[in-house]
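In what comes next, subunit A is part of two complexes: it sits with subunit B in the first one and with subunit C in the second one.
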Partner chain A sequence: MPTIPFEVFRGSPGQTRFDTFSLDIPEHTPILTALLKIRDEIDPTLTLRYSCRQAICGSCAMRINGKSRLACLTPVGPEFRARGKLRIEPMANQPVLRDLVVDQGPFWQRYHSIRPYLVPDPQHPLPVGKESPMTPEQVAQFQETPRCIACASCYSACPAIASDGDFLGPMALAKLFRFVVDPRDGAFHERLLGVQNQSLWLCLRCNLCVESCPKDVRPAERIHDLKWMANQELGALERGSRHAIKFASNIREGGLLNEMKLARETLGLVGMLGQIPKGIELARHGKSIRKHPPIQGREELDAIYRELDRPEDLQHRPRVPGQGVKGPTQQPSKAGGAA
Partner chain B sequence: MVGAGLAGQRAALEAIRSGLDVGILSKLHPLRSHSGAAQGGINAALGPQDSVKDHVYDTVKGSDYLADQDAVEILCREAGPTVIEMEHFGTIFNRAPDGSLDRRAFGGASYSRTIFAADRTGLALLQALYEEISRETRVRIYEEWDAIRLVSRGGRVHGVVALDRKTGTVEGFAAKSVVVATGPAGRIYARTTNSHASTGDGGALAYRAGAYLKDMEFVQFHPTALPGSGILITEGARGEGGILRNKNGERFMERYAPHVKDLASRDVVSRAIATEVAEGRGFPDGTCHLELMHLGREKVETKLQEIVGFCRNFAGIDPVTEPIPVYPAQHYMMGGIHTNPRGETNLAGLYAAGEAACVSVHGANRLGANSLLETLVYGKIAGANAAEFARKTTAGELTPEDVSTAEKELHALWERREGEPPARLRNDLQSTMEADVGIYRTPEQLEAARRKLGEIRTRYASCYVEDKSTVYNVNLTDAIELGHMLDLAEVIVAGALARTESRGAHVRRDFPRRDDANWMKHTMALWSPQGPVLSYLPVTVTEYAPKERVY
Partner chain C sequence: MKVAYYPGCVAQESGKELDMATRAVASRLGLELVDFPTFSCCGSGFVDESNLTLNVAINARNLAIAERAGLSTVMTVCSTCQGMLKLAGQVLATTPTIRSRVDATLRGIGYTYSGSATPKHFLQIIVEDLGGAEALRSKVRRPLRGLKVAAFYGCHLLRPHDRMQFDDPEDPHTFEDVIRALGAEPVDYRGRVMCCGFPIQFVKPATAERIAGAQILDAQQHGADAMATPCPLCHISLDTYQREAGRQVGHQLNMPVFHFPQLVGLALGLDPGTLGLARHLVSTQGALAKLGAVAVPA
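Coming up: the complex of A and B.
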């Protein structure tokens, strides 16, 4: 049995430190078990949230050697072998209360801001006395999101949360997806409209939420799905969606990004005025923006786009909401899939 | 509402929708409640051949005839509407190819009547109910508050005193009526499928306030838990076709339950596994094996997603290709705060529901997938009746002295400068209950347990909380919870010693048969300074006279 050093974050804001505890434990021991052993046998003043110890209550998310993880689900061995120690810190992006316990207020606030409940659809009331109808295709939309246990690992890992307080974050957006694809929900349009303007396009697509999620909800993919659906449902309403749609058509046209054209199409002529200082700055550094000459191997590009446009591929890849109840499925816009 | 799992939230929803203001106290965020750990499903007789009558019969038989049959009738009658209501609230259940709610087989049931959401049905229901509560404005949820006192006087409840974990402050909550729905108490045992938070707080608070505890000696051991951690492998695994084998490769359940084999009721299967191991037919690690390999990768990975994860993560086993070692672990308390079928306790204004309560619909042994059902059906009933009582009564008379007395006692514990740490006392309590009050019981063991619990009680008087911080002090809450567990453990042992028969989950080596002439009655326990005082209450029988239980 190896002796494993745990460097554990201790204290409250203004007075923090790391305490080191050494434990002789088998490598497959979950980190939560190790922390509880420290509490029971070495230092009962260590505090943390925990309950189920089987990755279903979502209480024990923390940073383990910098990575946001559920302590109950993470064995000590691999991290110990990779780094020679275990550095245990509270989750990021949330104020520390004490030791490993953070204030989850902002996290729950975002959750509640998406209206996390079914909004009745007056056109299609739920059947009285029996279950709502659901097609296998509609059921298939619920592959990942019901697995979410709201542990906030994704929220802790997300750099967009750290840099932009307006971002709803991976969990809330994955939750939003769960309602957007629900055939029982009557707020499909409003829900997409609510995030189209803001939150959707703040995602950096770094995939850290996917990597940190203990339940394989893959929030970044759900955010991508939401973008695709928003573009489909609402068209190019604002900057983010316009940028995504025009980016794809821009490349389809010339094979290389025509930045001037993209800026004009995304921001509009008036919007571009605001970019003049940036243009001057770029020019001063010898980065002129000009039209590229036609590229070679144009056929290959066309082949890529043909592949992307294949109807079965479009059907399979981006999610179509529960339109079976609400009306005909809209034709996917050509650029949407590549955005 | 004290407790914010399925029962507490369902009670709250009912009271809110009847037009009242509701406060919910919970030591966990509602979505972290142990309800979310329920895996297998929720029973409702919705299948074409199935009927409410069959569901009632199976439940009564499963209970070894200790359930109150009027209460069971309500449970089973309300099952269908409850499941449909939860579906309308947004629960994402598994569906059959035609879009209807899919059903799976479960132990002790005559038909496939378990509606499910993969193997995380509790989580699916908890999410949907919390979503439904989230649209309400007349509710305030006090998250991470520990109830430390239930105040009663003159046979009536007046409110709750609680500790805010985040700040360490103690406050009083005057209430016209209180619903206790604090869930399980499995942490009394060393090996349990229950979460760490499952410490029976509500039961102990109600007991101390003068409410009856009922049938506490009936402790369910789930047959299939992972050795060591006690993590549950759902009965749904056998419902989907999983098979138990001993070290000789024998499908031993054929001997214990020739008709339904691996899907006999839980007490039967748990005793079978314990017997196989005790008689030398277990594997060297003291387990039997649950095999799923023959079901095929797709079925295992889609219908039993969570347990595939549990096995891979917590036991290093792939159930698609290897057998799962299992041994019984404490799983459920059939007993709890005594209520009638209206959710009322013997104290005016005090209601209880869910696992913390005992109506009794489970009697001496609960059938799988009946507990999620109970939380919702009786949560709703308790909420409705608590609301009705609140409308007709004056405000609870919670005095400043009520709060300061509770606070002073807490501070006396908190400020003590030396003594034994709660962890050591808890370990002793858990190992005592595990060793002496388990699946098979003898009077010698029970007497020994009573003596040891007395010693732990004495030592608890000098329990020492080393952590002096006011911020999220789980060392302090450990000590509070330990006191609650100790109260309940004493009642379990007293009830088990007195009950000289074997029924359902209570098995006495010295009295191996059920004794309907003398023991067709509920054990009722009242708190006294000298320990639990027992009395008995007759079982309500409507349709089904007791018969021998054969599976």
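Coming up: the complex of A and C.
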């Protein structure tokens, strides 16, 4: 059995440090089990959250060598071998209360803000005392999101949350998506409208939430679906949607991006004025942004647009299905999950 | 090795130095680049937000162009181009409803895409097809000794992993292997796998700059003399908007940011003019002085 050193974040606001604990444990030991051994045998004041120990309750998320993970689902071996150490820190983007325990208030506030329950259409109330049957195709629309165990790993991994309080975050938006596509819900338009004004459009598409999610909910892809639906339903309502919609028409013209035109269309004339000093600075370094000459075969691109640049069917919208292949350090498999 | 070269929009205009360095380095490495004036923009992660099928078709055309020329590799020099071309391949392989519409549309303009041409980033080609870091080391003429370089990967090169199938999505090492082969010292910092903020530069500039600033500061605090990135969009966030990024994080930043091929080119002995180093907003002079390299002509 190898001796494995754990560098564990300790403390409460104002006084923090890292303590190192060494354990002789088999490599397959879950990190949560190791931390409980430290608490039981070395330092009874070590504070952490956990309950089920089997990736169901979502209590034990923390940062393990920088990655947001469930401690009960992550064995010590691969992480220790990859980095030569195990650095254990509380989740990011939430205030630390003590040691590995954070205040999850902001995370839950965002969740509640999306109205995480069915809001039926008053014109078409749900039948009382009867089931509301759905087709398998309709159920397949939201097959990933019910697996979410609200562990907040995605919230901890998200660089947009780290830098902007306006963003709703991966979990709340993935949950919102689940209600937006539910055929029993009657607030489709209002729900999409409610997350304009930047709470949706600050997603960076970095996909860190996809990699950190222990249940393969793939929040970034659900946010992509929401953006896609908002563009179809609401059009170029604000900067984020305007940018996506105008980008598509922009490259139709010459095949390559006309950066100036896109900036003008996204930012508007007033916004463009603010860009003038940067433009001058770029020009001084030979980086002036001219229009590309059109590509050869522009008519081919035009033919593709004529065929496919039309509104897509919301109910049968295209999906980017995950293939369930996990990253090399994500062990063991994420199979299974809570309802 | 012969590849279809897909430079992407930025390297053909505001980021021309990336194209200059790519061509110079490829020639030193015996990599033959075939140009296609028919290639279009990849959609940059925005077109798919308004119409996924359209975006897939645009890139299926790009891949089909290379395939028709008998080339099996489309070489990208941008993490986002790489991500978008890979997205097209993944959707076509897994979603029959989209595949049939895209196939029919391509047939209408005289193309078919069978899947035999696949996109690969320049970094990936060096480590997977050109003998890896060791082969590169043998070509180094000016080892970047003493230079601490912080690799900055660019999200789309790595994630999602099931699409990109390259390196570890949150703890990669290929870029650092290359940095070591060039004689420099890689910097270990979390920012290397984080986002540069570019996708929301137009949506909310202050937030985009705060995100870029956080990563530059992270690199600086871990002792970096310079950063290097395989993505020209990251380069815009990290270099073009560095002053604004510094303002957002309350630090004066002065971090030279190399494009990946520029860093390789320096070690291969290419001169800074050929690599377009004078075209950066943050001067690379300090980093070059550390190497005793020729000064950049103003």
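Here is the rule we use: the second predicted complex is superposed on the first by the 292 of 339 C-alpha atoms of A that agree within 3 Å, B and C clash if a C-alpha of one lies under 4 Å from a C-alpha of the other, contacts with A are read in each partner's own complex, and residues count from 1 in each chain.
Just so we're on the same page, a contact is a pair of C-beta atoms (placed from the backbone, for glycine too) under 8 Å apart; a residue touches a chain by one contact, two chains touch by 3 or more.
In this text the structure is predicted, and so the values were computed from the model without any measurement.
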Which of subunit B and subunit C A:117 touches, first, second, both or neither: first
Which of subunit B and subunit C A:109 touches, first, second, both or neither: neither
Residue contacts with subunit A in the superposition, subunit B compared against subunit C: C
Contacts of A:143 with subunit B and subunit C, given as first, second, both or neither: neither
Which superposed partner A:202 touches (first subunit B, second subunit C, both, neither): second
Contacts of A:131 with subunit B and subunit C, given as first, second, both or neither: first
Doubly contacted subunit A residues - partners subunit C and subunit B: none
Subunit B partner contacts - residues on subunit A that touch it in the complex: 12, 28, 30, 39-41, 44-45, 47-48, 50-59, 73, 75, 97-99, 101, 103-104, 108, 112, 115-118, 126, 129-136, 139, 142, 146-147, 149-150, 178, 182, 184
Subunit A residues touching subunit C - in the complex, by the definition given at the top: 65-67, 82-83, 159-160, 162-164, 166, 198, 201-208, 210-212, 218, 220-221, 224, 227-228, 231, 239-241, 243-245, 247-248, 251, 255-257, 259, 263, 266-267, 278, 281-282, 285-290, 292, 295-297, 300-301, 303-305, 307-309, 312, 316, 318-329
Residues of subunit C that touch subunit A when the two form their complex: 9, 12-16, 37-41, 43-55, 57-58, 61, 87, 90-91, 94-95, 97-98, 101-102, 104-106, 108-111, 155-156, 159-162, 165, 168-171, 190, 193-195, 197, 199-200, 202-204, 207, 210-211, 214, 240, 278-281
Residues of subunit B defined as touching subunit A within the complex: 28-29, 31-34, 36-37, 81, 84, 87-90, 92-93, 95, 97, 99-101, 117-118, 120, 123-124, 127, 131-132, 134-135, 166, 195-197, 229, 231-232, 305-306, 309-310, 313-314, 316, 421-423, 427, 465-467, 469, 471-475, 478
